[in-house]
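Labels run A, B and C following the written order; every chain starts at residue 1.
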Amino acid sequence: MSGYRQGDSGLILNEPLLWEKGKKGRCGFSLPECDVDEVAFDAEFAGDGPNFPDLSEVEVVRHYTRLSTWNFGVDTGMYPLGSCTMKYNPKVNERQASLPGFSDVHPLLPEVRNQGALKLMFDLEHFLKELTGMDAVTLQPAAGAHGELAGILMINAYHKKRGEIRTKILVPDTAHGTNPASGALCGYMPVAVPVNEDGIMRVEDVRALMDEETAGIMVTNPNTLGLFEKNIREICEVVHGKGGLVYGDGANLNAIMGYVKMADIGVDVMHFNLHKTFATPHGGGGPGSGPVAVTRTLTPFLPVPRVEKLKDHYHLVTDYPDSIGRMMTFYGHFGIMVRAYSYILSMGGEGLKEASAHAVLNANYIKERLKETFHLAYDHTCMHECVFSDAKQEPYGVSTLDMAKRLIDYGFHPPTIYFPLVVPGALMIEPTETETKEDIDNFIDTLKAIAVEAKESPELLKNAPTRSKVRRLDETSAARKPCLSG
Amino acid sequence: MKEISQLVLPEDVKYATDHEWARLDGEEVVIGLADYAQDQLGDIVFVELPAIGDHFDKGDEFGTVESVKAVSELYLPMGGEVVAVNDALEEAPDLVNTDPYDKGWLIRIKPTDLSELGEMLDKSSYLESLDG
Amino acid sequence: MRYLPHTPEDIKEMLEVIGVKTVDALFEAIPESCRSKEPLNLPRAMSEWDLNAHMDALAATMAPSSEYRVFIGAGSYNHYIPSSVPYLLSRSEFSTAYTPYQPEISQGTLQGIYEFQTMVTRLLGMDVATASHYDGATALSEALLMAVRKTKKKRVAVSSLCHPFHREVIRTYLGPAGIEVVEVPYGEDGRTDLAAVGAMDDVAAVAVQSPNFFGVVEDLASFAQVIHAKKGLMIASFTESIAWGLVKNPGSQGVDIVAGDGQSLGIPKAFGGPGLGLLASSKALMRQLPGRLVGTTTDLDGKRGFVLTLAAREQHIRREKATSNICSNNGLCALNAAMYMASLGGTGFKRLAQINHNKAEYLKRKLMDAGVKITFASATFNEFVVKFPEGFEKTYDRLLSRMIVAGLPLGRFYPELAGHYLLCVTETLSKIDMDQLVKEVTA
């Protein structure tokens, strides 16, 4: 099996845009008969209706079926996109989410008719608490960045409640762009914390930057270099010592389930990405789900409504005067919560720990086997991902982008590239726990073969990909003369 | 990307360490982006400029330039009131890449204090700052 | 565990390559003081079959619209969804992909979103639409933040007939940034008070929902005129997308930004989420838009293709200066909506809106005939407010036990409307259902 090329050129079907097909008068929808009288709409406000193409059902079905074949998903093949945790999305979770009792229910029915959904939410909150040692959880945020916003809003409300005005927030060099952007929504100026020669933060640097005008620090641990922030406890003490709070970005939680509890290391508030760690499908750009867990200090500030249990009944409670308020219209991405809940029950506590163990094993295996071929930014035992760069290939005029595009021809989704920013030309590989050893070996052998090509025939990389629906696209002209609708 | 020796650096403009240039034209000053900066940014896709009549102090941010993968703030090397902006950049932002000192100019200002122009770098000091 | 493929031999071979004895040894990279001592206190793994039974039991306690007659909308609407839509949406090439960072192998998602953006601009009469937001409330909050950035004014006006939960989310988003939110009262016609907006100074924007929370269609053009004279932006919001099949679109009424819920476009109610936030604007505001945008371009061979574009607005490039912190949005829900809109077509969309209107008007008339007071006389779409007789709570509970949910009590949101209910009718309710409601209510 090893070294075989998964990518090949087959029959790629063309498909026009929706409005380049169809014919007026067709309909792909079974319009119900109208059993009451026609009533004209008030002429003052009546419009013409949208100018959509009219298509038959089969035209719609072929259209989207063909489009789908131009896409690459986890079900297509290995998707080692660093910091995105593209693990297998179990199908049984889709079954649960599509049960009419979950998918076909209105959010505003009387509570007595919602007990199953509320119990599920209550129990999922409990599972997330147990995984992290935190005291309370809100499931409301719609995605990781939305969870960050909720967390920062709570930190802001906490300081305000104590009569303090803080204007800055510490964000390490390695952070996701969402961290400074979330801070900015509360008016916090991000202050960069550098990483040391080992790729992690130093306590002294944090001590030098942390003051009483700083609201706290946003830490991703393990960080985006795949390294555990070993000084985290001391860093948290320094931040707490100045009255600040510690935000934990849970994007990389898949590395440490069952091994580390965030509350134990000093984190006050953190978010989860259910679409990463808990195997819900990412949908080509969401919907995600970004629950937030807090310690007792921040519990009063959690968004409302909160799910509570009184005797045997579950309730949605809004009566929290210090709450930051509502983050979404309703209760969050319930459909995603159902999948994550189902995943956790499929895995059990031991299974989750084993998932983290295998995720870390796979990343270290890749790191060891590729570190002679590619420049390894920081050579330490990594957690769930490892970061290489194109330093060894640069002399041949080959960049990270070229290698990533060549991987496509071989049938792999490329890793995350050019992130984290602290590693120029970064290639960030996160295999996850669900890949077989054969696929991982094939991936490694492919990357080695690409490194040979880089040296011997770099034009193969420069021209890649050639086996996809389209070749490299002109992003410059797309941005210069934006055409965003047809 | 260009080597420093390949950079085009006219003698008739003054430079800022943030890589803007300024050229005296009568009583007004024309401001643009130096070759080094356009080269570092790569293909420029959008330039955001202020409105005519806006007033800025020396060092104020007066706009941004965007390439596909980066965005950079523009800082005014000397204070003044905006009297003209280069409208051609709306349709053709690439002029900043292809002709940074002429057709790719950014704004024209009526300076508050012309002596601030004298404080800017000449070609040789600017080159030194690039080497450093 | 069926999702973890390693055999003991696999693990042994891999550990040998790494040069450690056990997997746990890899976790020695974590300081001892940070590691958990206790095993996780979580349930044991369930078999697929036990899990299914457990989930079935939870779901069975709920009140799905397939079994209940639910006369509630208020931001979540029950519409028929063609079988072809969830079927197509479950193609895992769509559902198991990440954000389309590698456009060469994401053309399915990218073309699908481009088509979605196009249909949204056509639905709303706007120039540009984003690739999606979380829901109507967050899209509306972002729209207000756009207006604040654009006008550099720190006050916004929001109609008191915007969805109450939308207004709560707006306060969460805007309050900490020091932006003042002023609520615009409503009049006896169930419409936002135009004169009140006329009397406001120094506002970045006014947000008016239409059809509003009471189902009443607002005169957006008049609001646009008033706010533009004050150099502010006109924002329209909505929760029921189907309305645009009959009601004249916001773009034709001088609106600058439109934010709304797209859940009606074939997305299951799912106890409130995931839904879909729609955000569209005029071309002048394109670069202020938060969130992803897909545009056309060509590949090396000159072939048409699609890419994420104008990324310099976004957090991964502009970080703290980005137009928003949004990253993952609701892409699959956008695709879901596109499939639904394509299935209906322009002709079908209009007809469906008309059927919805016919039914809502039927119930309105029947209730009036039976002596129930319709609170506002203005034109409505799908939803309207009624005043039920004193002591209706008991009837409400009796109906609930007969699997009929007789509207949403409004007292909680508008104390002056205690005893009033917001009713909603869509194509999914039949004449028989409505006749039964009228009979029970007036019994």
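Details
We take it that contacts are C-beta pairs under 8 Å (C-beta built on N, C-alpha and C of every residue); 3 or more make two chains touch, one makes a residue touch a chain.
Note that the structure is predicted; figures quoted are calculated from it, not measured.
The touch graph of the protein chains shown is complete. Taking the mean of all protein Cα atoms as the centre, the chain whose own Cα mean lies nearest is A. A separation of 44 Å divides the Cα centre of chain B from that of chain C.
Between the Cα centres of chain A and chain B there is a gap of 39 Å.
Note: centroid distance chain A to chain C, computed from Cα atoms, is 20 Å.
Counting only residues that touch two or more partner chains, chain C has 310-312, 317-318, 321. Each of the following residues of chain B touches two or more other chains: 45-46, 66, 68-69.
Shared interface positions of chain A, i.e. residues touching 2 or more other chains, are given as 475, 479.
Chain B contributes residues 43, 45-46, 66, 68-69, 93-94 to its touches with chain A in the complex. On chain A, the positions that touch chain B within their shared complex are 418, 475-476, 479-480.
Residues of chain C that touch chain B in their complex: 287, 310-312, 317-318, 321.
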